[in-house]
Every structure is written in structure tokens, then in C-alpha cells.
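Think of it as A, B, C, D and E in the order they're written, each chain with its own count starting at 1.
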Amino acid sequence: MTFSYYPGCTLKTKAKDLDMYARRSAQALGIDMQELAEWQCCGAVYPQAKDEIATKLSSVRALMSARDAGHDLMTLCSACHHVIKRVNNDMATDTDIRMKVNNYIKPELEYSGETKVVHYLEVLRDYVGFDELAKKVVNPLKGKKIAAYYGCLLLRPGSVMQFDDAENPSIMEDLIKAMGATPVLYANRNECCGGYVTLENRPTAQRRATSVVSSAKAAGADCIITACPLCMYNLDANCDESQKLPIIYFTELLAEALGVK
Amino acid sequence: MQEIFGLIKEKAEKLFADGSVNRVLGWKKGETEYDRIPSVFESAEELEEFVYDGFCAANLSKYLIRESREDGKIAVLLKPCDSYSFNQLVKEHRIKRDNIYAIGIDCDGKLDIDKIKAAGVKAIQSIEENGSEVIVHTLYGDKKFNRQDVLLERCLCCKGKDHVSGDEFILAQNRVDTTVKDRFEDVRKLEAMTPDERFEFWRSELSKCIRCNACRNVCPACNCIKCVFDNEDSGVAAKANVDTFEENMFHIIRAFHVAGRCTDCGECSRVCPQHIPLHLLNRKFIKDIDELYGEFKAGADTETKGPLTDYRTGDAEPSLISDRGGSN
Amino acid sequence: MHRIGVFVCWCGTNIAATVDVKAVAEAARKEPGVVFATDYQYMCSEAGQALIRQAIKDNALTGVVICSCSPRMHEATFRKTVQAAGLNPYMLEIANIREQCSWIHKDIKEGTEKAIILARTAIAKVMLNKPLTAGESAVTKRALVIGGGIAGIQSALDIAEAGYEVDIVEKQPTIGGKMTQIDKTFPTLDCAACILTPKMVDAAQNEKIKIFSYSQVEEVKGFVGSFKAKIRKKARFVDENLCTGCGDCTSKCPSKKNKNEFNLGLDNRPAIYIPFAQAVPKVAVIDAEACIKKKTGKCGLCEKVCSAGAIKYDQQDEIIEREYGAIVVATGFNPIKLDKYDEYAYSQSPDVVTSLELERLMNAAGPTQGTLLRPSDGTHPHTIVFIQCVGSRCDDARGKSYCSKICCMYTAKHAMLIREKYPDTDVHVFYIDVRTPGKNFDEFYRRAVEQYGVDYIKGMVGKVIPHDGKLLVQGSDLISNEQVKIDADMVVLAAAIEPDPTARSVATMLTASIDTNDFFTEAHPKLRPVESPTAGVFLSGVCQGPKDIPETVAQASACAAKVIGLLAKDKLLSNPCVARADESLCSGCSVCQNVCPYGAITYEDREFRIPGPKRSEIRRVAQVNEAVCQGCGACTVACPSGAMDLKGFSTKQIMAEVDAICR
Amino acid sequence: MPVKTTENGEFKPLIVAFCCNWCSYAGADLAGTSRLSYPADVKIIRVPCSCRVNPLFILRAFQRGADGVIICGCHPGDCHYTTGNYYARRRMTLLFSMLDYLGIERKRTRVEWVSAAEGVRFSEVMNDFAKHITELGENKKLEDLRCKKSLD
Amino acid sequence: MQTEKEMANDIIRRSGVNPLKCMKCGKCSGTCPAYEDMDYHPHQFVSMVQKGRINELLQSKSIWTCLSCFACIERCPRSVEPAKIIEAVRLELIRRQGCNHLKSDAIPELLDDKLPQQAIVSAFRKYSK
């Protein structure tokens, strides 16, 4: 199981843990993560406009490198996954964008969305399998009540992301079960935490973050796991003190369960 | 290609040996160094004459209409583009699939002898294919060609190296892609002309037609029991062109009858003794169908409804054509 | 040798004023094959017709051309005329020199010239006409109704009333359909069971009606007037003739925890059960997947308690073959599954229910005996939110593009009933549009608002959040331009309705067409709304498109009228101008079959002589069923070889017309 | 070969109209009943449905000297046979495009949907089509040259 | 200077959204988590762009408060994609000279030591050109 791996800017700095535990767990599960040689920041926001070309180039370059390496492209950060997956979809389905990007990059071989983009969680589900994963758990997280926070970027728009049921996802809950813990379902797990406006409009971010965390807390969760450094920061830093819960990267718990933390 | 030839022959011998087929449909040498004739081999011994090289362009699928009705099983060799015609014939119930063992074989593009001759080559003794080179040995010495330069037009816009049907495949390790141009490029050029220029173009091309029916005979889609143009009762039967419109009529109707069924195998143009680019009529229909009704590849499978036996309630109106800009 | 007679009508001055009729007759006489030509003031008059008959006899005519008004006017008249004179009625052509000539041209020279060309064209065509005979086929005087809901029952009752036999085939263990699950009906608020169950009993007691419950139509062959159907009667492991419906077995059955379909899974039923008290037939059925005896071989309690000895554990499916003259499709509908709409938390909270589930929760025979209680904790809900258009009017893959038509009205009904019975309960309805076209419908909706104080909010709900045993409903109120948040105890979703999943296979079986939503297509959207394009197949109820009960019943009766009209005939005469396949030319490619809207084309293997040592070969060739073909001609153009031709409008005939015009 | 000039030398085109029995032919009848005129150059051939019109008929008409060919059928969705005009629409669109590709004036062929109630529209359509064909002049490109020579 | 109608056409083209598909159900605004911080709401963006009322939208607070959470896109029953319209309006403004919403010299005071890089990157991409 070899994948080209796109870590993204934040995983090299503030979210080193997310990356580190992911790599350790991958090793334990027999997944080979080959970091792309020269990747550039994806921009962290998917440019939705039809006439945005330059802002999509870094994603396309990463996609092309993976294609040339002959592997699927694995992502870990939710934002990177969202941006790269949607740009890939543009390259596959929007002839105008495809033509303009190819004209700009002028690659030897035109790129038209051939690379498959998979999130680390999808690798766990579709390549490793949660049953197999459960067998490799040496340190079951018994008794832990964990709330999964999906946020927006992994799920929406469902027609493009094809990650899970956008309104009723189960992939992280299945992971939690495989690690021996108890998943806690709560209504706001796929509602926005307001992360994108944390810099600009902190009150909104605070309100959103609090509503997410309090919803999980009311449902009886001990902690929240996430795949997104921005959600991680936001749910922690912007949540009302009275409602706070520990926010953990899912990879950290995974590493713990697999005994490689 | 030499090793592919060997593998195919070996396979054919094995099929005879274990009795899984009683005939093999392939090619054999004709009168000249570049003449390859579709042929049915009935025993391993007969395979001595079997040949597979750059001149084996003929699409064998049409022969199966007759051959698959004979007793026993027949093995057929299909190049990737032939497999589309094969599928289309299966879809139209014209060949009996159960009586056929279809072997998909490798193709690195077929050679156009006219292009070789056009380079002034005379008195050809033999032709040697060597990777990307074609060496023509003549009485006056050797002449080397870049293979890509002497390929048939249809191979320059090859529709892909993947077979869409077959029971077994014999393929090269390194597959050669010969595609260098868009197959609609020439259609687009014609579309860009003025109507008068187009009329003159087609008038001069079609007036060369001698109604030899070679195009009709080779075309895998032209497989009617009796062609309307041969049927006294149809009201259009005509053995020869009685006026300048007759050949227009014949070729328009022929193209219309194969529209949505033509796999663009290009055999019509290859066999035309007058070198009329007949495939440009078929490709026009294909291009229109793709643009108007969504991309459709005849023969890509054996189930999908053809575009002329299907419709959408929101289809384009015919006024689309008369509303096109330009003169007239 | 052709001997054609041409008759030019003056139509008083209607034609004669702008067409020189004598010149037309004169010109026609010069055409090859014409042996007689004349003109007369009114060809359609008795005297005119006598003139034609006489001329046919005197001149031994083989074909007739009448230059007169439109064939749509008098073609049928003149066919009878020539037939009376011993000529085949199809050896006649009409040149339309009135509507399409004299009436639109003013210049007599121009009119005359054109009339001559039109006459010449008709002569050219009639020379190629062939005598045609309308086919005859017998009619089996029995109808098959597929689906035993209110639509099927009503159609069956009406057909039986006219004295014809009817079979109802229903896949459930009882007839009655969706209406049995409905509590009250709009706009009168009478109880659904009270008006439906008597009809179910009528159907069961009617001598002409035979009910095949727990059965499915497996195969239909044949064509209008003589269909042959195979019906699979599924084993219910209870002898229908012996069971008295006493219910002793159901109360003793130890396997009790099985989802009760009738109450939509809101409560449980035993493995042997009678769907509901008024079921028809009132006969028990064993759910083999839940039955302990069927699964393990041990138990057999029901057999012991059944005093009638009706339990038959080894009963097998039975195939019944029956013949029919007409088929009624009444396959009905289902609400869509809501698993793709989880923003409304349907799968997360039992207190989010569909409207049909609410019907059960309010019905006296339902799981709560008619008291409205929350499924989660059995308490009275005090705030209820209704969400309209869930899955209707959608552009995406999740929902349906159409309006489900019934939801606005039943939601008003639900809201009104709740407010009446539980005045302390607040009811909010989120709507996009309120659609109430129907007799007394808008008045009904207004009553819900004005008399019962139901809160209608124009806007849509974006998210339902289960929270602390409540449901936080967040939606927009477009009129006050605000986002509203309502703490609700229950949420009711007006799920879109879709055709029953069997519609597609039934359509295939009958070669009836369905649209992209799987609703059956009518033969003509305005003028033949209860017929399918396939002759002898009729449409009743929601299988054709969303409908409420009154509309369904009206359509069911209309459908029955059509069936009765067909069954009343002893013989069916078919239009002889139908397609014909020339087997010697047909290559069996199926292209004609693909464009035939009636499924009139089938294929057969035929042996043909061929040159060569084999002497003959088997070829697949097209066959046209003349009773089914309607003569559109789509196949004739699809066929590249010209093997397919249309009688009365043959390729040669039309070519001759073209040639005659361009001469 | 038909005479295509009036006494004063004006060009009179030859137009063949294929009309489906259920809508357009009835529409033509209604035009007549309502006394709505259109040029006598238009000659109607009755077919059961627009899907009965074979491209052969159209080419034959051109070959024999027609200057314009128009096909009329029920409006899409209203076909008496449910689907016939949908097939006709695809066939004619492709055929017309091919004729254009061969350099034949694209305004010589037309498809119009005319219902049985549209008598006014039928006459308008025919007037308009005849006007266009008259402007285009004789169909030099397609007529049977051999016949023309024999006229000389 | 472009007219409002021209701007509206540009916005429609840039967003790839057809506002005529909207059936005015308001689900986008019903689901929007930033609703309370907006002066014009998602459904209004769709109808105002369709009507060509662009100047008001260019002044609106909403173009900066949209969270890009795509809930409106996911849940719209007509596949209208309001978030794309809002972004296209925002681009209409920030592509003009000097109209960047986020100025780089304003950044340092907003930072804290835990803030991830992507918060800054994304803010720049969303609010500046």
C-alpha cells in the first residue's frame, strides 16, 4: 500500500503532531506514505470561481506529481483534501479550466484529473479496513466516549467529495469503534466551526465553536477528535470556557491505540 | 511486432491442437509485399501462410457474419479498433458470439502504402518494419521512413489501444500510441469553409466515384442482406450514376444508414480506389452526434441504445442548422 | 393493368370557383393508367356516390382517385362507396383540392394548375396501392388489474358492474393499498377506513371479481384482446379456503417481535398475522423469515390452535395462467426513503417521522390507539413542526423533480386535526408554496390557518438538531427575513412520493412506456390520459402521476370505461396501414424494435435458402404484430435495408408522390 | 421538369411539404378552412407521422428539381404516436447538418412543428419558407442536371 | 465603469450559477450558520444577482461573513449553489484596486502562538487579491 503523500503547510509547523502520529500509525498498519518531493501550499481555500486559474496551479502540480509517481494521492489535513479533491474534479469535468491550466503549466503530458485523491481516513476504511485495523489495536481505548467532529470540508459538497454520507457520516465513528472506544453521536458534528473567519471575525468563530463543542458535551463526550488543524485550533481557542472539551487529532488516538505513540 | 506475430501464431496452433476452434480468421500474404488478404485458415498447416504486420489493416469482424454461422468455432484476430465493429455486430445480432473465440491483438498502427509510394519509391522488393522505422528495400536501394510518417490517416487519430471486447488478448509489453491528431480536425476544417467551397470540395471528390461499391463491401456496418440501392422495389436502385446527384445521394444515404452505428474504422477510405475521403462523411455524423446528443462510441458496448434509436425530450431542434451563421 | 377512375368534385362553388374542375378532369384523363375521369357537383352526395359506384362497374376500375375536400373529411365515406362497388376500400386516394388548394388560392389559373398536380400525385400513388384488409382478432372478455389499492379496486368494481370478469392481482396479503394506512381524508375529514373497507368487501363479494392477494404477475404475452398472463401466487402457508380469520393463531404465536408493516414498523406483529382487522381476504399469512417452525422445524403452535386445520407449512408458490382482453395498471406509489435527508435527522431521532407514519400515530388502529404520542418517550408533543417538499421539486440526485401534489393538503389536514384534538399543541408548517387546486381545497387550507391557528411559515428548514430530548428546528422565515429556531417535540416530514418499485418491471413486461421518474406514460397527455401507448393497457391511479384520492377514483373509473369499451367488442378490427417486414431483406439487427413505441416487433428465426453448399441458413428476422402496430412508420426509416415498409404509405408510394409533384 | 417561371419571368419555386396526418396536415386543413393563403408552390404529401419521412424522400425531391423541402409534425411531446417526432427531430437535424456540410444551402430544408389548431401558423410558416426559397432561387446545386439539359 | 447589469452577468458567469433555477424556498438561509452575522442572506444574494442589484451586495457585510462551509450548496434542493454566488460577488470587489479587505500590516496583532498557518493563508485567499 503505497501512496504519494501531501502533508500541507500547517502539518509542517503548527500541526506537526497530526503528521507525526499519522506516519507512525501508517507504519504500524503497513501503509507507505511517500511525501511528494516539491509540494506547494494548496491555499487552504478552494477557489470556487470559474475564472480562478492561478490559485489552482499548486494543487494541479501536486496531482501531476502523484500521477507521474504512479500512486494515489493521500491527504491528511481536511482543508488540503478539500482543495485538492475539488481542483481535481475541475480538471476532470470542466473543460475550460482544464484547458487553461494545461496551457499555463504546459506539462509534457496533459493533466485531466486522472489521480485519485484519498484522505487518510479513507485509506483506513477502504484500503486497510476497520476490521483489520481493529485486529492491530494493542491498546484498546476502552471506556472512552469520543465525539467525532467532521466539519464542512471533508463532507461537502457531497457530490464532489464522495467521502461519506454528507448528512449522516460514519467513517470516524467506525474508526472510534475499531480503536475500542465508544463513539458519541451529536447533531453538530457536520456543522461549521467557523474556522475560516477566526482571524477576521472572532465573535462568529466563538459562537460557532461553542455550539459545536457544547453539542458534543451535552451528548456525553469526553473529548472530540478532528482531522483539521484549523478546526482543532478553533474548537479549542474559541470555545466558551464553560463548555470546553479536549480536542485531539484522530491520528494521536490512533497511534495510542496501535501502541506507537 | 515480430514477437507478437509469433505469439499469435503459437496461440492459433494451440487452438487447433486442442480442438477449441476449427478455423482461424486472420491475414495472409497477397500478390505484393504490401498486400494482405483476410483469410480463413482451416488447419495448423495452413497457418504457414499466416502473416501479421503493418499491412494487416483489414478489419476482420465483418467476415464473421458469414463465418460465425458455419459449423464449429472460429477464432478471430481483432485489433483494438476492430473490437468496436465486433461489438456493434454482436449488438445487432449479426454475428453469433457463441461460435467465436475473439483474440484481441496488439496494434502499433498500420502502414499506408500510398504514402510510401508518394515518396517516390518504386520497384519494392520487400518492406522491413523495425520499431519506429520502416525500411523499404527496392531494386534501386533502400529507403528509410519514420514509421509515424507512413501510417494510415486513421491511425494518426487512433481511438485507443484498449480492446472493448475479446476472450483473450495478446499484447506487446510496450504499447505504442500513434495518436497525433484529433480525428475531427479535418471535419472542422471543412466546416470552416464557405458553403460554396464545401460544395466544390465534395463535388470534386464525389464525382470521382465510380460506384465500384468497395466502400460498401468492406464496411462492417453496411451489412444489409440486400442494399436499398440494389433493390428494385426501393425506388432508388441504381447500378451506376445517371446524374451528378446520384453519387451524392448514394454516399449521403450510406453515411446516414451507418450513422450511430459506424465505429469510424476507416476501412471505406482505405479501400476506395479513387481515394475519396469517405470517412469524413461518417466523422461528420459522429461529431454532430457527440455534440448534440452526448458523446457516443458505436461498439463501445453491446447494450447502449444508438443515438438514432434514442431521444431526449429536450433535444436540439433542426432549426439549429439553418440558424448557423455565415452565408446562405 | 391499372384502370384508374378520377372523380373531380365541385363542392358547389367551394372548389369550382377557383379551380377549373373540367380542366382537372381533362388533364387527369391523359395520365397513364387513367381510363375514366369526370366531374360532379357534390361527390359526397348520394347521387355523387352512385355515380362513382356506377363508373367503377361500367369501367371495371381497379383504383379510384377523388379530387375533393380533405381526406380527413370524407376518406371514410368514399372508402365505403368503393367497397360497395366491389373494390377494396384501400384502392382509393383523395386529392385534397379544397382545403389545400381552392380555399387558399384566388387565381383560377394557379388553382387549376396546382389541382392538376395534386390529382396527378394521387394517381401516381393509387397505381401502387395494394388491396388491404383490416385484421380481426377475438377479445377475451376478462380484465386483469395489477394492484389492489383504491385505484385497482375502483376500476375492478366498475368493470365488474358492466358484467365482465376481473382479476385483481395484489402483492400484499390484503387489498386496500396505501389508503388503508390513512386515518382521515381531506377535505371532508371522513375516515378513510369507513369509505374504503366497504369497497374492499364489495370487491371480495362480487361474483365477477377474483382477488389474487399475496401474488404477482410474472409474465404477460400476447396483445390487445388476447393477453396471456402468468401469476405467481406466493405461498402464505395458510389455506385461504379453510382459514376463517379468527385470529387464534396470531395471539398464540411466540415469535412476536417482527416489524409491523401496516404500522410502518412503529410497533410489532407476530410471525403469523392478519395485516389488519378489515383485511380482504381476512386470512392469516406466515412470515417465513420470522416463523420459528419454518426456520428451525420446532414450534408448530399455530397448527395446534387452528381448529380449521388451515395451517400448511409445506405450501408452495403456485403459478396460475389466465387470459385477458385488457390490462389495468394500478401499481400505485410509496413515499421515498429519507436516508439521504439526514439534515432533518430522520435517522437520528424517532420523533422525526414521515407524514404517513403520523397517519398511523393518529389512527385508532395504530400503535398508540389514536392518541398522538412521541415515539421516543410516549409523551404528548406540545410543539410540532411540519416540513413540506422533502424530496419533491428537487433538482439534485437526492430527490424528485416533480411536485408530489398531495402533501400540501394532507399537511393542512394533519395540522388541523392536531389543533382540534390537542389545542395546547403549537403547530408550525414550513412551506415553499401552498398548492391547493381542487374543489374545496383552498377553503380547507384557509380553515387550518384561520380557524385552527396553524402557523404557516414561508421558508424552508435547513437543519433539525436533536438536543436534550427536543428537536431544534432551524429554518428561514422569508416573509420576516429572519432565521427562526423552534424547539419542537416532533417533526413531520412531507416525503415525496414515487412510483412503486415494481412499476419498471411491470412496464417492461407490458411493453408500456414509463418516463424518467418511472411513472407510466399515457397514450396522449391530454386526449388519452388513461390509456398507455400500448393497445389494451390502461392506467389507473398514481402509477401515471401523483394524485389524491378523488382524482385517483375518477381516473380509475375513466380507465374502467375504456376497458369496458374494449371488452364490449366481439372482434377488434385493426388499422391495415401497418408495418410489414420483408423477411428476405431483414437482417434482424433490432433497430426497428428499438424505435417502436408499441412493442409490436418481435424476432423469429427463419430458414432461408442460400447459394453454396450449405443451401440454407437460419436468420433472425423481424415480425410485426399487426394487432399492436399503430402504423407510425418510425421503423421504416430506422431500417437501413428497407426491409421494413408501411402498408398504405410505402416507400415506393411516397417516392411516386414526390416524383409526380416534381415532374 | 417543372416550369419554374411565371409569364413575366419571375422565379416560381417548387416546394414539397411532408405533413403528419394528425397535427400538421390537419393544421393545413384549418388554414384552408380559415381561407389563409400561402403560395401554390407548396405541395403537401400526407404521411402518418414525421418519423415516416425517410431522408431518401428529401434527397429524391431535390434530385427531381425541388427547391425546398419542409417537414411538419406535431409539437414535441404531442406526437400521436408518442415518440415519432422525437426520432424525426434527430434524423432531420443530422441530415440537414450533413447537407450543410456538403455545401447545400442550409435554408432549403426546414422542420416545423404545427399543431392541428395552428392554421394561422401553418400559413405563416409556408409563406415564410416560400419567401426564403424564392430568395435563394433555383436549386442549381442539387437538381437533376441531366433533365435540365433535355429541356434545352 | 460597469453597469450593475454587466456586473451581474459577470458574477453569474464567474460563479457558474444559474439564479433562475432558484425556487425561493429559503433553505440556504435556513441552514446558514452565519445567518445572524449577515445583512443580506444567501437567498437574497441569489435573487438580487438575478435582478442585477449588485451595488448593495458589494457594500454588504455578508461577503466577509460567509464561512465557506458549503451547507447551502449541499442542502439546496435546486442545486443553485448560493456560496458560489457570494464568492463571485466578493471577487467582484476585491479584484478592484485597493479593495483588499485584509491588509497584511493588520495581521501581526491578530496572531496568537497557536494559530495555524492555514488560518492566515485562507484569510488572504478569501479576502485579498
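Quick note on the criterion: a contact is a pair of C-beta atoms (placed from the backbone, for glycine too) under 8 Å apart; a residue touches a chain by one contact, two chains touch by 3 or more.
Just so you know, these numbers come straight off a predicted model, no measurement behind them.
Separation of chain A from chain B in touch steps, taking the shortest path, is 2. For the pair chain A and chain C, chains touching both partners: E. Listed by label, the chains that touch chain C and also chain D are B. Nearest to the global CA centroid, when each chain is reduced to the mean of its CA atoms, is chain C. Note on interfaces B-D and B-C: more C-beta pairs are in contact across B-D.
Put simply, the chain farthest from chain D by mean CA position is A. Chain D and chain E have centres, each the mean of its CA atoms, that are 53 Å apart. Separating the CA-averaged centres of chain A and chain E is a span of 24 Å. Computed centre separation for the pair chain A/chain D is 63 angstrom, with centres defined by C-alpha atoms. One finds 48 Å separating the Cα centroids of chain C and chain E.
Looking at chain C, residues 343, 396, 463, 595, 638, 651, 655 sit in touch with two or more other chains. Of all residues in chain D, those that touch two or more other chains are 55-56, 60, 77, 83, 87, 91. Among the residues of chain A, those in touch with two or more other chains are 167, 191.
By the document's touch criterion, interfaces exist between A-C, A-E, B-C, B-D, C-D, C-E. On the chain B side of its complex with chain C, the touching residues are 69-70, 91-94, 223-228, 231, 233-236, 257-258, 305-306, 308-310. Within the complex formed with chain B, the chain D residues making contact are 55-56, 59-60, 62-63, 76-77, 83, 86-87, 89-107, 109-111, 136, 141-147. Those residues of chain E that touch chain A in the shared complex are 13-16, 33-34, 37, 64-65, 67-71, 73-74, 83-84, 87-88, 91, 101-102, 107, 110, 112, 114-123, 125-127.
Within the complex, the chain C residues that touch chain D are 70-73, 96, 98-101, 103-107, 110-111, 113-114, 117-118, 121, 513, 521, 523-525, 533, 577, 595, 597, 630-634, 636-638, 646, 649, 651, 654-655, 657-659, 661-663.
Looking at the complex, you find that chain C touches chain B at residues 584-591, 594-595, 603, 614, 617-620, 638, 640-643, 651-652, 655-656.
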